[in-house]
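Same chain, two partners: chain A is paired with chain B first, then with chain C.
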Partner chain A sequence: MLMNNNVRNSQPGFKMSKLKELTDKCEHLAFDLNFNAAKKWKAEKENRVLVGYMPIYFPREIIHAVDGLPVGIMGGGDRKQIVIGDAYYQSYICHIPRGIIEMALSGHFTNFDGFVFPAICDVIRNLSGMFQMSNIGKFAKYIDFPQDFNSDIGGEFYIQEMNSVLSKIKEINEVELTTERLNHSIGLYNKNRQLIEEIYDIKQAFPWRLTAVETYHIVRAGMVIPVEEHNRILEEVLYEIRQDIGEPLDKIKVVITGAFCEQPPVSLIKTIELAGCYIVDDDFMLGSRWIQGDVDNTTDNPLKALSEAYLNFSTFSSSVYDIGNPKSKRLINLIKRREADGVIFAAPSFCDPALLDNPTYNKECDKAGIRYINFQYHENIGQFKVIKEQVGAFSDSIKLWA
Partner chain B sequence: MPENVKKERSMILQKEMIGNLFKELGNVKQTGKKVVYTFVPGNLSELIRSFDMLPVYPEINALQSGMRKKSDAYIREAEKWGHSEDVCTYVKCDIGMMLKGNIGPTGEKVPDPDLLLLSYTGCFTFLKWFENLEKLYPGVPVALIHTPYQENGEITAEMTEYMVKQLKNDVIPKMEQVSGQKFDPEKLKTILQHSADIEDLIVKIFDTTKNVPSPIDAYFAGVYYIGPINIGFRGTPEATEYYKELYSEILERVRLGLGPVTPEGEMEEERYRLVVEGPPNWTSFREFWKLFYDMGAVIVASSYTRVGGVYKNGFRHDPDRLLESLSEYCMGCYTNMNLPQRVEMLAKEIKDYKADGFLVNSIKSCNSFSAGQLLIMRTLEDRMGIPVGFIESDLVDPRYFSYSNIKNRLESFFQMLEQRKLINV
Partner chain C sequence: MNESIYTMGIDVGSSYIKTVLMNYSDTAIQILDKHIEKIRKRNPATVAEESINYLLEKNKLTHEHIAYLASTGEGEMVARKKGHFYSMTTHARGALYLYPTADYVVDMGALYVKAIKIDHQGKVMDYKMTGQCASGSGQFIENISRYLGLAISEVGDMSLKSTHPETPSGICAVLAETDVINMVSRGISTPDIVKGIHISISNRVIKLLNSLNANGTIVLTGGMASNTGMVQTVKELAEKANMNPENIVAFDDSIFAGAIGAAIWGGFRHNKLKLKAMAEK
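Now for the complex of A and B:
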């Protein structure tokens, strides 16, 4: 039986499977643009703080260690109508910041204490200033990630940046960071990444067991709930998909890249799968999978451990300067490791970081004999016909050549 | 420049200076001088000069290509090569020029780089630009200096220390290696003294717009005035002489009560005084400028003339704090300031230079400038109580310069200014 959402639902007398229950719950969490779960968590205990963070990566461990919940803000997608946001952005700027400002100004972030804007591009950077000017939250902090990868230079600077975030939280809840607590938080997020990676590994071998949309919901839910709860969900999902469920279909395996910030609408992900592709890896929720492997949680300087992990074990990304460790080579390795048949470069319109990488990526794929297609989207795109045809033709051509 | 416009001595000096640089670049094979590609905002020209190397600024090549109507073909070449229509056109223009043989604005081939010096002050796209260049010039060493953003509206001691360490650890050793010369702090000291003198003059020059009528246009002519410091002449005796000369010519205009010089001669009557935010359009620069001077509009301050350095707030290169002051210079550039700082600076200029209106030229290419401009504009409108205007164009992509759209919008803006004047009379 094909275990996609529709079929799981449509069986007469069908008792909702555990997996369906879990993915439904995750979908609800992932797309609750009022962040009720996070707000409820905060209300349960005094001194808890909510810190919203923008894509891509942020060391969530440090927030967790001081009684905070880091909440990933991935924009309004196609679920938030833009009324005010367009008055803040010219037409040639990507879509995500207008959704975020719309949400900010229409009360979605009530009870959030502060916001963190990771250094990824000038749009997110300037959005931090817009939050500052509009007095949204108690703090709006742009966190500058080092592009120098020496421990005593970029590493030290990064520790200062993390400390600066921590001092802002301390001003609010007076909670002191301790080595023990941070090591504990690091351990929890290590676990979280291990579990997510296991899901991707199973999906690589048996992609029919969990659709790309379900995977997306499951991983995205982790951005808005406590890591302990997310780890429990992931364990349960893993239990289900370790079973021999579903039947393979004649689809090609693809990796999607370029979609690390502004998110494609779920219907677009669905369209890609329906057009004949299994998505075996992607960068949709790249921040949750940023550090490759575990961060050392046994040291007496856990901030340094986080910093070392960032410098040495970050995944490749359009926001990280890649001289000396070219991302195009790392992408090829990922495609090979995932045994994918091709790659889809899906980038948000007007996204300089993603789009400026494409020619280099394309050329590297040409060299390696890997087939690919490029297209652009925006988070509230409503028409998928052209993309469906393009992906369909791509999948057919690969099958034909195979 | 039409025949009837008398060439001032400063113009001749500037032309000579720039001509000599291109001549030197053309002769590197004979002279053995090393070439460093780098960017204008946060440029380390004094350091490059202290190693006797020559700078090439890809953005300057791009803007010159725009002015000489060559950018269109270069951009299309880069798009053919795989770049999206959506991305910064400076990058595409430069890459296109390279793909077409790297023939520079003077018609001569620009020499290949010996060093790629990436100081990406205030813009992430620079980083992507150099990743692309690094692939086009395989094997050329790359030195990177990451300039922290003034996210909290300040430059902290830690930020400076981070930059100094990068200079010591990466930039200077690579320059030593490429140039074959040891770092010479004494030489750099002398150069920085000149820089500080030049920066004093720059501030005085742009401050003359306090006069009514303003003797200069701080945007359209301003981009020429900042040319020498933005293309590597900061810290040189030639540039000091140029700025002294320019300043004395401007003072003479003030004494005579003259308005700015335009490509069609002196501007007769100053009707509107404006502060402008955002870079200009280069592909139709003359037409664009004409839309303003025909209406008697003079730009009394512009943020764009500060992308290569902000000196009005007191910053000067300091010969006694060599690497620290180079770092602080980089961090101080306009697009490395956070949005509240940008608003403060613009508000002060509106006040100091008695501007009647504030105008944004929003550039499609440039997220660094453009993201947030609408909020900046509305904030200034509320705070300063002056009319604001908004136009859109691009730096070097002629497809995004619509003369009629811009004209219409400017006409409404000028009407608004006129009405305001009538009310205030």
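Now for the complex of A and C:
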């Protein structure tokens, strides 16, 4: 008889205690819908400002450089009951704006100074209008991103958009942006992305060391605390997961895509893992990983450096015009780089950008012989049985028949 | 690979946990031992661990002897598993073990009934299942037997004594349970009530099979397949639906089908991973 000499220490709950402590802290931060950590940070020093930003990407560096804390607003998820929000949106609109307006009108954003609405879709555009009409915060800025990737045209336009946000903050705290300060902020966020990327690289090789839910909490926590503090947490997490902890389970490796704006409930992420998948890459917190590589933090014109980084080193997304560098090809490259067995297209219900991209993605996966499944969710979905069955069957089909 | 390994399959259901210890090689599969344990309001994770330990100790083995411990059903309750397989996948393979030329499987569990079309390798080709209504499930029979003061083991034989079965009017479990209370007050005999419930559930089974155009051998698995009255009723209704009742089979081990399938697929995966690792070297 053959013997399996592995010591199986992969029971649920088995984690190095330090790692557990860190992930618990991050979970608490990530889902504090009253943003107490951010508000506490603001109260500690005069002239500090809180600027909320919606998904997907926003150059947080510019807020950081003028004594501000950019705070990611990802909706109420399954933790906020919608009472008022439904009156603002038709039934055929996605769920995230309902949660955000509900939070705004029920006082969750008290002490926030302003809000930025990056251009993703018409729904977010309308949400910015609702914030303006309801006088929530001192400013509500809808920021357009260039769809022309020429530096002289799209790049200049983008710099103007960033300056417009900066001028609104200056009106509030009178802090002047300097080259040194912005370069310093860019350096901190470069470090932040490097650390997050290293976590994903370790997860690719050893996905059992950190679950997808824990990863999600860790990355999401960074949206509501200063980048310096988040970098410290990430370094501590990395120290823990560089150790040989846990024991692999027989699961397939998948990439999840489509969930870049309205976030899936944590139980959905957990369901996918329980159904037999290791999630080795995802676009849940895409904004935190948007720029691929470092932004130059040694120039005399750091705003231009940010602009160039956006034009040339952005990841792919449904909200970005992609002529010349098709997102479907980039997705295939990501799946191959992560050595994933398949891809799960998980899009929020009524999310036009994600759902419109799905046929193109599916076609490209067919051509590349990559297995995939599609399903839809909304942020407060409570029933996962059907998804569990679908993902379970997907996992088995790859394990047994691929 | 012809090396013989120990594998274990554990099927965590909502009422029972079924565990199978298997001797597996690519050319021979043999069940060495099996164990079934009712959960009875205990923590399923604890019951699962105890079930595994029970079989290991009984067979003088340790965890390290098990090459692959595979879960199915509520797999998150099994702490020491190596891998998990979806219940339809395991019931399909388990049915094929029980009856090597099976074409269809009907998994009659505590919460759902699933009709599954399979190929000769145990691959799921198509399936249909009941909705979330509890009236098509084994749990429903358990509830009714409790109302009638019967042990679940008595239900099957009681049903066979029926002469004038009385079926509940509604398909909803809540309404059906109300119906049963009315039947008792109207003096309907216990065998006739139980048979009526079996007919109600069997009707659903036949509908599922019809929607798959089932026309081959059908293996009944899951807890309800151990109920002789239920198996008999499914056969009777199949005949009325112009299906051959001889093609419907159930076995003493039908309730273990999920665990058997998990243990077999576990062995299959173990060898596949081993070959992959050797190829990578």
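The working rule: the second predicted complex is superposed on the first by the 385 of 402 C-alpha atoms of A that agree within 3 Å, B and C clash if a C-alpha of one lies under 4 Å from a C-alpha of the other, contacts with A are read in each partner's own complex, and residues count from 1 in each chain.
Everything that follows uses one rule, which is that a contact is a pair of C-beta atoms (placed from the backbone, for glycine too) under 8 Å apart; a residue touches a chain by one contact, two chains touch by 3 or more.
As the structure is a computational prediction, the values presented were derived from the model and not from experiment.
K.L.:
Based on the superposed arrangement, let me know which partner A:Gly276 touches: chain B (first), chain C (second), both, or neither?
P.N.:
Once the two structures are laid over each other on A, A:Gly276 reaches chain C alone.
K.L.:
Pick one for A:Ser106: touches chain B only (first), chain C only (second), both, or neither.
P.N.:
A:Ser106 sits against neither chain B nor chain C.
K.L.:
By the touch definition at the top of the document, which applies to A:Cys121: first (chain B), second (chain C), both, or neither?
P.N.:
A:Cys121 contacts chain B only, not chain C.
K.L.:
Please determine whether it is chain B or chain C that touches the greater number of chain A residues.
P.N.:
B
K.L.:
Per the contact definition in the header, classify A:Lys399: touching chain B only (first), chain C only (second), both, or neither.
P.N.:
In the superposed model, A:Lys399 contacts chain C only, not chain B.
K.L.:
Residues on chain A in contact with chain B in one complex and with chain C in the other?
P.N.:
Common interface on chain A, chain B vs chain C: nothing in common.
K.L.:
Okay, in this complex, where on chain B does chain A touch?
P.N.:
Against chain A, the touching part of chain B is residues 81-84, 86-88, 91, 118, 123-125, 127-132, 134-135, 142, 144, 146, 148-149, 151-152, 158-159, 162, 165-166, 169-170, 338-340, 342-343, 362, 364, 367-368, 370-375, 379, 392.
K.L.:
Show me the residue ranges of chain C that touch chain A in the complex, using the header's touch definition.
P.N.:
3-6, 63-68, 75-76, 79-89, 123-124, 265, 268-269, 273
K.L.:
Contact residues on chain A for chain C in the complex?
P.N.:
Residues 1-6, 8, 10-12, 249-251, 274-276, 389, 392-393, 395-396, 399-401.
K.L.:
Which residues, counting only chain A, touch chain B once they are in their complex?
P.N.:
Result: residues 87-90, 92-93, 97, 119-123, 125-130, 132-134, 141-144, 146-148, 150, 152-154, 156-157, 160, 318-319, 321-323, 347, 349-353, 355-360, 362-363, 376 of chain A touch chain B.
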